[in-house]
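Input: one structure, supplied below.
Chain naming follows the written order as A, B, C, D, E and F, and within any one chain the residues start at number 1.
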């Protein structure tokens, strides 16, 4: 069940086809996952979303590709996005995440959620030493 | 302003002193940040929380210490915990996070939050290919 | 699967029947969606919830009915409530939301989630100019 | 207090100056709010964020500009982003949001959060009638 | 700083005065906390909110008043609402919450947030035994 | 569907068997729910998680066991963790939660989510009277 109907023949729209071709070329795979099929209900939204995902996730940058996937998982878990957790865990594994790294990822994000609750419940005042501006 | 009163002389309690000594030894620093001062209102909670933070964050594991700090930031931002964002950004910088890495971290976590909204709003069905069990 | 059992014959309870009759009359439809069937496990909760939904969503007010549905979707997506996303997207479509408006809605709420992360991660101080009281 | 230091003279960087000039021209105002000053710590992040905000929020689209601001507020409140709530409430008022509309906005988003909790706590199954694909 | 201006002389409005009088009578105290002063910017919103808070929190029901305050804290911490955490922690203390109970509350809600992350990250399938309807 | 494969014969690992034996002994039941089967993909994570759950939830403490289950539900609903809502609602019922208490729980947590939105949207300043430290 979903809230929009993905187009029955998405690549009939040349804008959608161009995005799908770029996804296949970038990922060196014929697999187009549902996220892109569903976003194809609006070509503009599809184009912009893919452009950003490609720029951030599929372009060399200051962080390692696997680290970026694990950060994506961390945010997706916090937001409870089942689809995103599935897709980015699969991507992280495809990029080499070992079972030990996966377990460590879970240890860190679950501990963070736990201490977030403690700091928030106590309303702990921020230490002046943490202020990047040095002006606090 | 906070919801509990940190003890005026926390190290008068030998259980608190033992934790604070271990924090100082582990971090090789005399600085005890407010989180621990506030948690000292209950020695048991302080001991357990520090034991877990030490085991997960200050013990060599499958993930790099800096990566763990960035994951901590990702979760803390998603949960809107100001204290935690400040303290773990400071820790990440202390562990060598460059400004370029910081900007990249922000790019990834903000994109993740964005696509989380899209997948959730569309209620995109999970691709069977993502199922780790292969049974779906 | 759910956490309570909806009553097998909910309208046998006159309080439930009165609410269901009002839902049908207000919406000019015989369809009672699952939310109300499940809430019927407790007549008081059902009555109060429907009274408030009717007052806020089905009564003319300062905002347009379709705008109110889109706001409802925005909150429901942020909270990851699948049921609510489905039901209010259906309501918004019934009130005339076009596919172009739907796509625009998704653009705005996903951008908002993205910049929320940026402002929170940077802990940007609020500009005094934004203070409604003018006293900051 | 914040986690990065905004550049002391941001417009000395021509990329930052170009963005700030465009913000001023688009908004017909000399006021640059802190969000942009802080994002200027990384010119790329500033450019991309502004480009997207301009495209979505400052370009005519299927939704009314004031409606888009109210949706932004709804998401920002759900995510607890104080900065964003302040800045977009100020924007909504600048675009004509009346006090009655503001109160109505609060009624809708707080009711949505309430019924989100109810549907989630009950784990109410989605009605097949809500499936856009008609395939459920 | 806030997003609306509370009325300078709120009790000049008889609807506001009636609510404030009822708050004072119900709580047997002259103290009107800021939440109500701010909500007074819209008399309808004030009346409805207080009526519901009074019905749920200040009326004998199936749960103990202190338990209800602790549940309120749990939700408010999860949503990161600083104001609500402060006000309901004060209320819980006024209703007799001991320091040991406060620490126990923190242990439970922080553990819950932690295991929420684990179950969500693993996307653990719900056991059929948990289905209240027995139909799964 | 899930993101890890639970071990096909988990109790072949003596560390897993020891945890499962302790779960059965502690709960006086042969039923091992999926959460523990899935966590068994990493023995360390399983051991630590169970140790903490046992210490907090299955050990006499300042709060009543049923109250702790209801707090767990409150957090799990706020975080949208379907698995956790199901498992802890089942636990609460097993510990005696009546239908009237369940309805009251829903009334409190949904009202809390509602007023959280109001206080956050208004950015109501915290009353100095709520400061536990008395220093504000």
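Simple rule for what comes next: a contact is a pair of C-beta atoms (placed from the backbone, for glycine too) under 8 Å apart; a residue touches a chain by one contact, two chains touch by 3 or more.
What you see is a predicted model; the values in this text were computed from it and never measured.
**Q** Supply the minimal count of touching-chain steps required to go from subunit B to subunit F.
**A** The fewest touching-chain steps linking subunit B to subunit F number 1.
**Q** Can you spot which of A-D, B-F or A-F is a repeat of the B-E interface, where more than half the contact pairs line up?
**A** The chain pair with the recurring interface is A-F.
**Q** Counting C-beta pairs in contact, does D-F beat D-E or the other way around?
**A** Output for the comparison: D-F.
**Q** Using mean Cα positions as chain centres, tell me which chain lies farthest from subunit D.
**A** The most remote chain is F.
**Q** Where the centres are mean C-alpha positions, what is the separation of subunit B from subunit C, in Å?
**A** Inter-chain centre distance comes to 33 Å.
**Q** Please work out the Cα centroid separation of subunit C and subunit F, and write it as a whole number of Å.
**A** Centre-to-centre distance between subunit C and subunit F: 27 Å.
**Q** Subunit A to subunit B: how many Å between their CA centres?
**A** Once rounded, the distance between the two centres reads 19 Å.
**Q** For subunit C, write out the residues touching at least two other chains, lowest number first.
**A** If we look for residues of subunit C contacting two or more partner chains, we find 1-4, 45, 48, 52, 75, 77-82, 85-86, 89, 100, 103, 105-107, 109, 111, 113-118, 120-123, 126, 130-132.
**Q** Touch graph of the chains shown: is it line, ring, star, complete or other?
**A** complete
**Q** Name, in rising order, each residue of subunit F that touches subunit A in their complex.
**A** Those in contact with subunit A are residues 1, 3-4, 41-42, 44-45, 48, 75, 79-81.
**Q** For subunit A, which residues count as touching subunit E in their complex?
**A** Per the touch definition, subunit A meets subunit E at residues 73, 77-78, 80, 82, 85-86, 89, 105-106, 109-111, 113-118, 120-123.
**Q** Which part of subunit A faces subunit B closely enough to touch in the complex?
**A** For this pair, the touching residues of subunit A are 1-4, 31, 33-35, 38-39, 45, 49, 52-53, 56-57, 61-63, 67-68, 70-72, 74-79, 81-84, 86-90, 98, 100-101, 103-105, 107-109, 111-116, 118-127, 129-132.
**Q** Spell out the part of subunit A that touches subunit F in their complex, as residue ranges.
**A** My answer: residues 80, 85-86, 89, 99-100, 102-103, 106-107, 117.
**Q** Looking at the complex, which residues from subunit E come into contact with subunit C?
**A** So the residues of subunit E in touch with subunit C come to 1-6, 48, 52, 55, 126, 128, 130-134, 136.
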